[in-house]
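Two complexes come next, and they have one chain in common, chain A, joined by chain B in the first and chain C in the second.
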Partner chain A sequence: MKKYWMLIKNTWDEALVYRLNFILWRVRVVIRFLITYFLWSSIYSGNQQFFGYSREMMLTYVLMVYLVSNFVFATRTQNIGSEINEGKLTNYLLKPFNYFISLGARDVSDKLLNFGCTVFEFAIIYLLFRPPFFFQENLGLIILAVVAFVGAVGVYFCISVLLGFLGFWTSEIWATRFIFIILLDFVAGNFFPIDILPKILSQILMLTPFPYMFYFPVKVYLGQLTTSATIQGFGVMAVWVFLLTKAMFLVWRKGLKVYSAEGR
Partner chain B sequence: MKRYLKVYRYLLKINFAKLVIYRTNFVSSLVSSLVWGIFIIVQMLLLTSRSTQIFGWTKNELLLLTGVFSVGVGLFHIFLTPNFENIAALVNFGRLDAWLLKPIDSQFLTSFMYVNFGAVTRLVAAMAFTIYILVQIQFKLTWVSSGVFLLFFGAGLLLIYSVWMSVVTLLIWVPRLSNIVEFMFSIMGMARFPREMFQRYSQVVLYILFPLTFVIVSPTKVLLAKATLFDAIGLFLLTTLFFIGSRKFWQFAMKYYTSASS
Partner chain C sequence: MLKYYFKIWLRFTLSAFQIAFVSRVGAFLFTFAKLMRFGFFMLIVVLIVTQTQSLAGYSLNQSLVFFLTYNVIDTLTQLLFRDVYRFREHIISGYFDYILIKPINPLFKILFGGADPLDLIVLVPYIGLLILFITQLSVTVVTFVSFMLLLINAFLISAAFHIVVLALGILTTEIDHAIMIYRDITSMARFPVDIYSEPLRGFITFIIPVGVMMTFPPKALFGLLAPQFMLVSGVIGIGFFVVSLKLWRYALTQYTSASS
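Entry: the complex of A and B
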């Protein structure tokens, strides 16, 4: 375990070497959040109910997505594609550790760093704008939301790794990832809750893995899902985590067969 | 001026040749650029779907603002973005040396060397959307209105170029700050919202983003026949100040270029 701990520590130190870059990255994240927050806040300025959400619930949704997404999105797996293309994957293959655990270790470091900053930023935003935030008092729902939150991390991790593994077959991976990130705003509930869409569309989306990254954990926290919808949600999420994990290992094995360590 | 136009014509040809060589990359750019353009429009359509007015702007006015923003950003991504993205590497690896040795203005070359034809889909989609909204609001096209709009729009683009140029010039001192380009994309995204949005929530944010609130809002107001003297003076004054400032800053920065790694 010590070697993975060192990996976590190294990733942390690495991020802090380029401190100004990191600060700019955080400022950028805050700006993106403020745009969404200002927009929704303005839409609710003259309305108490909109899309079936009160102002308090919608702004809590937006703030919670900000917290969740900063943890879920914080990952080093976006580098996998270029590491494969540049032959840097060999460095990991030659070292005496499990590649997937090493990815996880690097992610833990990135997530801790980003989440720490997010909590700090959240506190500042809360003090500056005093948004109407809904604090969930039901401990059961908070525990369920944390479980959903962990599942969300798993879903995003698997999809992000799978996108990176495209690098085994092509060097043109940035566009796929770029389109995926944009689509997440719509289909994962990053920009708005899925249930404001037409019912049939939101029902179809709930069968895909995307809403389980942001929308589902936040809805569980808000306590806006019925018991059956919560059970169904956790069921679908578990199936996706299982299928995506299987796919990830399958693609990894296939990919290694064609990996040529180009440039090494 | 004639010489620079001739050089730019050659640069366009070279970039077009590169496009033919890296076809997959070009197709990827076309698709991703279009998806991003559509995202911006759908986002605004969704936000305005249940409201008649936001920040004192009607639904169609906000959609027109989004359309004009997308046209501006489309042009920016075709002609300027690839160059700003390249500056960090130019400085970091000392490649700027070769450019400084050429008998042509270094700021011109740094700003216009590369062209990303892949972003053209976004521009076309944005133009089609803007024209559609103009038809919806029964815009009366006259030579005067078109001319004034183009003047304001051109000034807006020059202003955003100058703001970008001023910021990326910092890379001469801190070439490892490659994140600055991503940061500027987020800042530029703010230009697609009315000034009133920032005014209502945070005066501090408004002061920081003040120049950007003129880039797209002022030309759009011209199309809506709502431009005030404040919009006009603000835009042209800021454009002049920032353009001269960015030019002086670049020249000043060149004195500190250390030609690393070469």
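Entry: the complex of A and C
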């Protein structure tokens, strides 16, 4: 375990080498959040109900997505594709550690760093704007939300790794990731809760893995899902985690067979 | 001189287009993604306005004109100034030295050296839709001319923003995200800045003149912008551009060519 701990430590140090760059990255994250926050805050300025959400619930949703997404999104797996294309994957294959655990270790570091910043930023935002925030008091829902949150990390990790593994077959890795990022904004609930979309559309989206990355955990926290919808959601999420994990290992094995360490 | 630079720009642009289409699959996927994002945002505008009846007093048609104006300005600036996104690499690798010794203005090369053809492709439907929605409004010659003048002013401000980012790139070398922060802030103007409450609205209208860039042109088109604001917009545009050039000249004096 000591070697993985060193990976976590090194990834942390690496992120802080270019500090101004890191600070500017965090500034971007906060600005992007504030844009969404102010937009919804302005729409609800008259305290009306829109899309079945009160002002308090919508702003809590936006704030919770900010917290959740900063943890779920924080990853180093976006570099996998270019590491394969440039032959840098060889460095990992030659070292005496499990590739997937090393990916996990690097992700843990990135998540701790970014989530630490997020909590700090959240506190400042809360003190500055005093947004109406719904604190869930039902312990059962909080536990379920944490479980959904862990599942969200799994779903995002698998998809991100799979997108990186495309690098075994093509150098066109950024275009697909670009599409994925756009989809996250709109069909995963990053920008708005997907139940504001027409019902048939949101029902179809609930069968895809996207809403399980932000929308579902936050809705569980808010206690806005019926018991059957919660059970169904966890069921679909479990199926996706299982299928994506299977696919991840299968693609890895197939990819290694065609990997030529090009560029090394 | 103008003809000389236009010929160089054409050469740069043709080369950039050829590079962009080396990978046709990638070009197709990026174009598809840009159009998909546009479609999603348009859907949000429609959903919000139909649900709230009006956005800060603007009808659905007017809200879409705000949204499309933002997209046209944003896409056109990306189309023209795409090379700015690669500038940090030029500084770090020392490639900027080669730009400095060439017989053209280095700022011209960095600003206009790599037009993005994918933005040209997506610009066509944006402009088409903008014209379509404008024709459904009651527009006079005066309001339309005001709209066009303010669009030119918006490009001037946008160019100034890009020049400031380039200058910061030379001064600090750690400005990967500066241009993206500019884009994030301008994205607030997908919706009219009137929807934001004070002091934010004042801040993004006059301090970081996003409102002047993106919201003022459609307001002029609707006949809702007082003449004095037209004047203020021009002053802000020209003033900001002059300051950005001064900052660029100062940054050049600080360039150390350390990487080469």
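Remarks
Criterion: the second predicted complex is superposed on the first by the 263 of 264 C-alpha atoms of A that agree within 3 Å, B and C clash if a C-alpha of one lies under 4 Å from a C-alpha of the other, contacts with A are read in each partner's own complex, and residues count from 1 in each chain.
In the analysis below, a contact is a pair of C-beta atoms (placed from the backbone, for glycine too) under 8 Å apart; a residue touches a chain by one contact, two chains touch by 3 or more.
What you see is a predicted model; the values in this text were computed from it and never measured.
In the three-chain model built by superposing on chain A, chain B clashes with chain C. When the two structures are aligned on the shared chain, A:Phe129 is found in touch with chain B, with no touch to chain C. When the two structures are aligned on the shared chain, A:Arg28 is found in touch with chain B and with chain C.
Shared-chain residue A:Leu94: touches no atom of chain B or chain C. Residue contacts after overlaying the shared chain place A:Leu139 against neither chain B nor chain C. Note: residues 18, 20-21, 24-25, 27-28, 31-32, 35, 38-39, 41-43, 50-51, 170, 172, 174-176, 178-179, 182, 185-186, 191-192 of chain A belong to the chain B contact set and to the chain C contact set alike, using the contact criterion stated above.
Per the touch definition, chain A reaches chain C in the complex via residues 18, 20-21, 24-25, 27-28, 31-32, 35, 38-39, 41-43, 45, 48, 50-51, 170-172, 174-176, 178-179, 182, 185-186, 191-192, 196-197. Listing the residues of chain B that touch chain A in their complex gives 24-25, 28-29, 31-32, 35-36, 39, 42-43, 46-47, 50-51, 54-55, 174, 176-180, 182-183, 186-187, 189-190, 193, 197-198, 200-202, 205. Partner chain B is touched in their complex by these residues of chain A: 18, 20-21, 24-25, 27-28, 31-32, 34-35, 38-39, 41-43, 47, 50-51, 128-129, 170, 172, 174-176, 178-179, 182-183, 185-186, 191-192.
Against chain A, the residues of chain C that register as touching in their complex are 23, 25-26, 29-30, 32-33, 36-37, 40, 44, 47-48, 51-52, 55-56, 172, 174-178, 180-181, 184-185, 187-188, 191, 195-197, 200.
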